[in-house]
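Submitted below is the structure of interest, expressed as structure tokens.
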Amino acid sequence: MATTVETKGWTRNDMAARAAKELRDGYYVNLGIGIPTLVANNIPPGLTVTLQSENGMLGIGPFPYDDEVDPDLINAGKQTVSQLPQTSYFDSATSFGMIRGGHIDLAVLGGMEVSEDGDLANWMVPGKMIKGMGGAMDLVAGVKKIIVVMEHVSKNGAAKFIPECTLPLTGKNVVDMIITDLAVFQRPDHDSPFKLIELASGVTKEEVREKTTANYVD
Amino acid sequence: MQKIYPSAESALDGLLFDGMTIAAGGFGLCGIPERLIDALVASGIKDLTVASNNAGIDNEGLGKLLRTRQIKKMISSYVGENKEFERQFLAGEIEIEFNPQGTLAERMRAGGAGIPGFYTKTGVGTQVAEGKEHKEFDGETYILERGIRADVSIIKGWKADETGNLMFRKTTRNFNLPAATCGKVCIAEVEEIVAAGSLDPDCVHLPSIFVNRLIDGSPYDKRIEFRTVREREAA
Amino acid sequence: MATTVETKGWTRNDMAARAAKELRDGYYVNLGIGIPTLVANNIPPGLTVTLQSENGMLGIGPFPYDDEVDPDLINAGKQTVSQLPQTSYFDSATSFGMIRGGHIDLAVLGGMEVSEDGDLANWMVPGKMIKGMGGAMDLVAGVKKIIVVMEHVSKNGAAKFIPECTLPLTGKNVVDMIITDLAVFQRPDHDSPFKLIELASGVTKEEVREKTTANYVD
Amino acid sequence: MQKIYPSAESALDGLLFDGMTIAAGGFGLCGIPERLIDALVASGIKDLTVASNNAGIDNEGLGKLLRTRQIKKMISSYVGENKEFERQFLAGEIEIEFNPQGTLAERMRAGGAGIPGFYTKTGVGTQVAEGKEHKEFDGETYILERGIRADVSIIKGWKADETGNLMFRKTTRNFNLPAATCGKVCIAEVEEIVAAGSLDPDCVHLPSIFVNRLIDGSPYDKRIEFRTVREREAA
């Protein structure tokens, strides 16, 4: 997907591509459902990156060909996937041992809200049917670096990078980087404030400031 | 000592009582103990507490036990894609205890390994931590989670030998392995039972000590929740 | 080994054979070093009993033939052993998960002292070089039934089944049955006193009473 | 990303410092990382804390690092059959923390799995429990044990593929697997490095994520601590 000249900001794939720039050679990575999944299509050439699926697989391959679909081989989103030469399988307790134990280098997750202190809310909306947190709380608690990829504002135009989350948390003080359709925010550690480090095409600092209620450094 | 039973019904014989706790393997519809779930439905047992990562989907997997209202409480990490569950939940007819997925897997493993409690960072500062003991280790805060012990575990394997040594295939290992260890009695259904000595002893995933009863549940017509494929490139 | 007519009491093998009478079909069993090892030679015909080795093996076979010795295949006593059709291998954390989790039906262990409350001391003597407890503390804490096999009195003639252990404990209130060269003591649960349930050949109740300082029921 | 190093020395490069903690696999002399121990001896590093079930025997395994007095403290379950250890211990030259064998294995696994502490019944009422937190669960008393994290893990495998997926052979898996997971960096020596795709993905014991550096240490001349055999029956 190429952006058209009129489009301001990044497409979903642009956001995934921006997240993919954070990959390093040899990384073990967990990708959430939605935009994060698109990161897999944007791995820079020459890098060896191994994708983990928290149900119990390292080395996720692409979707299978129609005649190679295997019900015994799915990813954490319950989609059929394929196997690679470096693939290994294990049980869920071992899988979350990897995650909780800090062996995964990077996770890219979706978000509903991120607070200026790095809290993340992405699993439930009070009053709506609660489906459950799945592995999200384990990932944010255990993975070395957490990138949240989300639209900068909600469908109603409300800011999503805010002073304090209004929704129930997935994790407290866990986010390292935020990539939206408008900008990229980063912090070097969990005691520092987020800093605006990059603007999407055609987006100004002022526009970002206007659509963000969180405190951050320019 | 004969571990092999002729059917799921016979393998459950003498183990069931209303209000019991069952640990079930599987992730989504991948590696679920279908035959044993069907036999639980047929048994009419009720007020079950079921520890399972998911609750099946409508009319598949644990969804069948939901439809018949045999489940009182679920301990799960994700119960989406299930209209009947949603209906019962919103009507207050079923209880749900949400566990982070890794916490649930570890709770099962701990219960099976004689560990009544362990500390984890997962969930600290969230609803999950409410009411749980908090403790600092090396300057970081963790919460205490409890091991789970079930009255019966039901799991699905690929191949087992006649002594109960068992292997899983690909991503079906998931919760089947930790669930197997945490049951006072573990019943495994498999696609094939082979002679002792047929499995490589270095490749056994679940040693026979964890499998108390065994059935051949074949043939299986495995369901797929989200069938995703790619196109072959033109030659 | 057959006992000669003059011999009073049980030989080491007799004691192992007596312990073997406690085996049931389908049992998973862990045998300690010394006399307990001899239990393996006394398994009643027709019973399927699987031996566990706490370093990571289920289904221990006999010592290997000379030309089949494998340095990668040893038992918990670091002796070379062989593999059986039902054998499986696993790591030590999984192995002690079996033990601690109550999956082993029976362990037969040696003992230096057993108290009338079922405390066991069998790992160290103060003032002597301490080698370590190995897996003994895990076994007595986790296995469903613990049988201690030991000589009734020490080399100095001192009682070993005593009111309270004088040596550092391996486990508190853990022993279910004691088999000595003179007698067998048993208790139905950990709140009950031990009861003398059997005498070795040629041994009298009075002799057992005389050589025992622990309180027990006749 | 190249995990394969040409030698044990090169695989340790940049990781060593005096006073560091090392987790080592092996049980007795079965499955010990011999090449890496030799390289540690040659490195001259000192004041090591070593978590390992055993301490080797005289001049074999960790016994080599004892002889050169590079170890300050051992965390072990059994250190018999080692005269040099006995001498240093009685002379107060070395510290030893005895752990029950299962507690040690679980402490390594916990450290590797992000669990800073867990409760166990093992050791309750013994010296092992002294100074440790006691807690009741369901009317039974347990003690708190801590997860172990090591600066470096050294392990011995059988085969590994070039991406680091690793298999053990027979009873060599022992402490090698839990030790591998608890190191900030894990170095594995194996008997053979094979191409990716050569190992059955269902039979990988240690997924590549746990193996940071890899060497082919062959050929091995494996030692036996107690060679026990039986006679062939006469034909």
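Just a few scattered comments:
Order of writing sets the chain letters: A, B, C and D. Residues in each chain are counted from 1.
Here is the rule we use: a residue touches a chain if its C-beta (ideal position, glycine included) is under 8 Å from a C-beta of that chain, and two chains touch if they have at least 3 such contacts.
Note that the structure is predicted; figures quoted are calculated from it, not measured.
Each step here moves to a touching chain, and the least such steps from chain A to chain C number 2. By number of C-beta pairs in contact, C-D leads when C-D and B-C are compared. Mean C-alpha position of chain A lies 28 Å from that of chain B. Our note on geometry: chain B versus chain D, Cα centroid distance of 32 Å, whole angstroms. Put simply, the C-alpha centre of chain B and that of chain C have 36 angstrom between them. Across the assembly, chain A contributes 83, 89-90, 96-97, 99-100, 141-142 as residues in contact with two or more other chains.
The set of chain B residues that touch two or more partner chains comprises 106, 109, 113-115, 120-121, 168-170, 201-202, 205.
Contacting chain pairs in the structure are A-B, A-D, B-C, B-D, C-D.
Chain B contributes residues 27-31, 53, 76-80, 86, 89-90, 96, 98, 100-103, 105-106, 108-109, 120-128, 158, 168-178, 205, 222-230, 232 to its touches with chain A in the complex. Here chain D touches chain A in the complex through residues 1, 3, 109, 111-115, 161, 163, 165, 181, 195-197, 199, 201-202, 204, 207-210, going by the rule given at the top.
Taken together, the chain A residues at the contact with chain B in this complex read 53-57, 62-66, 69-75, 77-81, 83, 89-93, 95-97, 99-100, 119, 129-138, 141-142, 168-173. Chain contact summary for the complex, chain C toward chain B: residues 25-26, 28, 48, 50, 52, 58-59, 83, 85-90, 94, 96-104, 141-142. Chain contact summary for the complex, chain D toward chain B: residues 106, 110, 113-121, 135, 137-138, 140, 142, 146, 167-170, 200-203, 205.
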